[in-house]
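Please find the structures below.
Shared chain: subunit A. Partners: subunit B in the first complex, subunit C in the second.
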Partner chain A sequence: MEKVIVMLRKAPYGSVYSAEAFRTIMGIAVFEMDICVALIDDGVYVLVKDQNPEKLDMKPLGDGFLMLKDFNVNRFVVHGESLFERGLQADDLVLDAEIVDNETFTKIISDYGRVLPF
Partner chain B sequence: MVLEGPYQHQAVDSAYHFIKAAVARGHEIVGVFLYTDGVNTINKYINPPGERNISKQLSELGASGIDIVACTACSKFRGLRPDLKVDNVRQSGLGSLAEFLRAADRFVSFGD
Partner chain C sequence: MLFTINDSSITSNSLASLLRIIPAGDPILFYEDGVYNAMPGARDAQNVIDAMVRNPIYALDADVEARGIKKIITGINVINYDGFVGLVENHEVIPWL
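Moving on, here comes the complex of A and B:
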């Protein structure tokens, strides 16, 4: 089974990248790949609870990630430093993710090999 | 995978030169997936006076046998109808990206 990391690095609504990352995960998950969702930098905001982008005429992105389990996407990794320096904690996220340090994050990327950065 | 549009960003130029260089060194390019604004690269009406024509460059790569795919959904979002594309490229869904990921031993993305 091919191992793929989809890496979210940008905030959820200012640009299309995070939404496209989500669509990519959905799109390739049906091909039975071993997918790891990794969040770093402003990408950590994508999984924050209680998003309400109604005034932007957009749909909330974070809750969508909850249904990825139905597509056998079960691994979510968050770069701890990015999370903490934004004043966030694991409890602020919509799902249970592995909060990892720099070294572990780097090792996971290396382990998966194929990286789709958004 | 190319994640940015032509002329606005260097991504597709870098991809083009990377492919030329890789092929020259004997590597096989399984395919190119044009994603988000990257799909604008295949518009056949691209006509930059006195500058490189990126859509023609990609069409030439396609003619040489490299599978050039622009995301169908992204194309629809941007009004890029099938009749607007250059020859030797095709529009297809994320399944093609999955196929490329499966077939290649290296995956390279171009964008910010």
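Moving on, here comes the complex of A and C:
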């Protein structure tokens, strides 16, 4: 099975990057690929619980990522240092992600080999 | 003057840059991704707390709610769009992009 990492480094709403990452994941999920969603830097903000962008006239992106499990996208990797330096913990996130150190993050990127950066 | 910040201090140096030169008493508004700077426990939260001794800080509610931010550093005023307009009416605006 083809393996790919979709890597998010930007916060939601402030730019289109993370929304486009979501659209890309939905698009490639139908091809039964082994998809890993990796979040690092401001990308970790994408999974924060209780997002409500109603006043921005946008849809909550975190809820969208939670829904990806229904499309067999089951692996979510969060760069721990990025999460913790933002004052966040695992239970601030919408789903159970693997929270990993630098070395593990590096290894996962190497193992997958193919990265779609957002 | 009203200084506005629209990105996160961990990704951008705009907050650190602004805090070096902002005149005492002038307000700062966090909006868009700038509202992440209002979160307690974040790496640069103490710099924000220290800044409030000299400068009032505001955060835009629509952007705070959008991003799921439930805890805000004590002392930061969360304002709505009407409050934003009120600040703009009373100050020359300097977007610190």
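Here are some notes:
Just so it is clear, the second predicted complex is superposed on the first by the 118 of 118 C-alpha atoms of A that agree within 3 Å, B and C clash if a C-alpha of one lies under 4 Å from a C-alpha of the other, contacts with A are read in each partner's own complex, and residues count from 1 in each chain.
The rule we apply is simple: contacts are C-beta pairs under 8 Å (C-beta built on N, C-alpha and C of every residue); 3 or more make two chains touch, one makes a residue touch a chain.
Nothing here was measured: the structure is a model prediction, and the numbers come from that model.
When both complexes are superposed on subunit A, subunit B and subunit C end up sitting side by side without clashing. Contacts of A:Asp42 after superposition on the shared chain: subunit C is touched, whereas subunit B is not.
In the superposition on chain A, contact is made by A:Arg86 with subunit C only, not with subunit B.
In the overlay built on the shared chain, the residue A:Pro53 is in contact with subunit C alone; subunit B does not reach it. The three-chain arrangement built by superposing both structures on chain A places subunit B and subunit C 100° apart around the Cα centre of subunit A, to the nearest 10. When the two complexes are overlaid on their common chain A, residue A:Arg114 makes contact with subunit B while staying clear of subunit C.
The least CA distance from subunit B to subunit C in the superposed model is 13 Å.
On subunit A, the patch touched by subunit B and the patch touched by subunit C do not overlap at any residue. Considering their complex, residues 1, 3, 35-36, 73, 93-95, 97-99, 101-102, 107, 109, 111 of subunit B touch subunit A. If you check the complex, the residues on subunit C that touch subunit A are 6-8, 10-11, 32-33, 36, 39-43, 45, 61-63, 65-70. Listing the residues of subunit A that touch subunit C in their complex gives 11-14, 41-42, 45, 48-56, 58, 62, 85-88. Subunit A makes touch with subunit B in their complex at residues 2, 4, 16-17, 20, 23-24, 26-28, 30-31, 33, 113-118.
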